[in-house]
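One structure, as structure tokens, below. Some questions next.
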């Protein structure tokens, strides 16, 4: 009986809930994780920073009554009480652009990272669990997609698309960022599938997908969580790069596009720092906090790393 | 070892094949007549437009069956013919790209090598001292989270615009003629320095963090404990741990090549540095699809070659591959 | 009585954990004579591995709370890793529990041994012939030095580590669960090698840590039985097996299968219950809750006293 099955059973029969050692073990593990999570500074600080930016992304655009690309004020204004982040060369509100850009950033991270995670898990689990010819074929696929530089492919694809949106951009990024995930998951699945509890599940008649979902994946849940965070950050960075080259969404605004415009319209020699510092700073802080959160999570999940 | 290289070369061959096919396929699957669409978007002089149309109809040739078009593409490729640039008509794409490549290579190769080596050394060192570790860790993560172009922008603004120490545009000063003099070399270096530093710093942060984590992991390994139990001095244990940690870092280098190349491209854009990245930007702005496709192929070949070099390096560093033993492929 | 190599006096070593201090070793005293092979037996968590590790020098999570360890008349600074490293490998050595993965996977074994020796200030060229002799003794070919650890089988790695650990003829050798991961025939070879090392004076005294009484019975001169951080009984092997005095020892021996005895004539008896937690151990004899002979006086911790020559027991009923 797997741990999750034991949990289900325990939930269904409250009287037996206290009795099963397996439930006690998972409950203890969960409480222990939470205990360490609450005390881990890296995790808390990282999470806090990300949440702050998320709040700005959600609430910020509501605070402005104009679109990010509208010409609302005198051009090239420094930050002031009226324009928190100043204005661009054309008189656009930098803060409005920043807030809307953050929305695009989070969206791309979520969609792109999520898609890459899903593909990576699918391929990794399939290759690791099935082995044999399936593994060989998926391995070749993984290796090819791995070697090809993402930007180069996206370059060619995006060039030919006349109209581009945030969602297609996220999808493209997700389609090419998964190889390292697939590899890592495959390796772990290999080592897990020869363990006793998997043999037990197989003996009790569970099929491949069920075994992966109920036995193997939960054992790697902490790793999968951390992987998603890394993919999120990676998607954000890739999108920023794409946008900066000019291959980002054709409508709306994004942080990468802001930097592109700033450089294009001589913000550098003119010293309009309020135009190019916030977008890059936003990306750096979000992705950096995600990475630091990840380190914190690693400490929470891995007892050997906890400092006494 | 032959199996090892054989497998790698197979992957690269397949990748190249797929990449070239993708390069050929994409314009054909976009709606509309690709040639017309391209020519219509670019504003060309009538005679240029006609010449291009004739040329490309010959190569794409709607009168020739699709498989023939594909083969023609490959044969053109084999001759080093990537077509003619739309924006810089009538210059051939290959020539345009080859003029830009040296600048990109001059940025990329030192940046990759130096940041990898220095980052690894520093990460290993930081793992030893608690106070250093506590300061290095957040800095490293922030550096590696920094988008390449933003660091470039910051450096350009701070050290270039504000402090005036370095120029922020071009491969060399616009008012200087390229000559084989020391003065010109100095000029080149001054223009090279900021983009190089930008690339170096971001990479450095990543490798330092990676090595620091790996070293800590290695120092907890059984062989490290055994050596300590037998009273071996720290430096022997650290030497073994470092050597062992280099292996995954080398693998990581291969994985990061695409990211590093992308970083170099955008950094060039920030500094208007006349390498492949800046060329691509201009190609995009001028709708020069053939130049973009050519650049794509160049990037692919470069990345594949670099991957191969890393594979060779891996064999040199991991003695087990030479005997045919691979523990933990 | 012959000379004593090792004297442990009231040794207390605790582990620091988030939930408090685990009193893994709580006042352990015994001696090991010159040339003696002592078996240290007990169930998981009784503290035998901690004892083994303490003799080599504590690691960061252990705390030396009290007591002394004397080797060849000199006190061992077990709480001070810096000073202890001088003794390691040369005077006190260990064959670790993790011998299978104890060697650097990316170094040829011969090269690793040479570098280890050089780092300890020993000229590897001077020891080379002796190394080859000992390899032959345990049945390893000289060319194993040119191999990587991954090319060796589990048994070969175990024997290699045995040779390495004893290369500099330590006074005291601690063998920590060295047969646990091996098949029966390799176990025999390894056990015989240990005796051989002692007979040839490669090692003066040996402590064999194990949970397998039946193995250690065959090669040890005396056996110490540990329970919950304290010593229960120490006696010469034959005496301990034939006439154990401590109830725990008796029940341990009764749980061992005997050749020729059938299931329907005599059933194996286990020991019901489990050892107490060492985070906050109960006062008095720690075996009290599981002991069929427990009575009122057991609320007071029995001293580890000599009830017969060389036979020590910690039990009110035995003394």
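The letters A, B and C name the chains in turn, as written, and every chain counts its residues from 1.
In the analysis below, a residue touches a chain if its C-beta (ideal position, glycine included) is under 8 Å from a C-beta of that chain, and two chains touch if they have at least 3 such contacts.
Computed from a predicted model, the values in this text were never measured in an experiment.
Taking the mean of C-alpha positions as each chain's centre, the chain lying farthest from the centre of chain B is C. Ranked by how close its C-alpha mean sits to the mean of all protein C-alpha atoms, the top chain is A.
With centres set at the average Cα position, the gap from chain B to chain C is 56 Å.
Between chain A and chain B the centroid-to-centroid distance comes to 24 Å (mean Cα coordinates, whole Å). In whole angstrom, the spacing between the mean C-alpha positions of chain A and chain C is 50. Residue ranges on chain C touching chain B, taken from their complex, read 56-57, 84-90, 93-94, 96, 98, 101-108, 115-116, 119-120, 148, 150-151, 161, 164-165. Note for the complex: chain A touches chain B at residues 140, 143-144, 146-153, 155-157, 159-161, 180, 233, 237-238, 240-241, 244-247, 256, 259, 262-263, 268-269, 271, 273, 276-277, 279-281, 283-285, 287-288, 290-292, 295, 304.
Across the complex, chain A is touched by residues 11-12, 14-15, 18-19, 22-23, 26-27, 30, 137-138, 141-142, 144-151, 153-154, 156-157, 160-162, 168, 220, 255, 257-259, 261-263, 265-266, 269-270, 280-281, 284-285, 289, 292-293, 295-296, 299-300, 303-304, 307 of chain B.
Residues 221-223, 225-227, 229-233, 235-236, 240, 243-244, 247, 318-320, 323, 325, 327 of chain B touch chain C in their complex.
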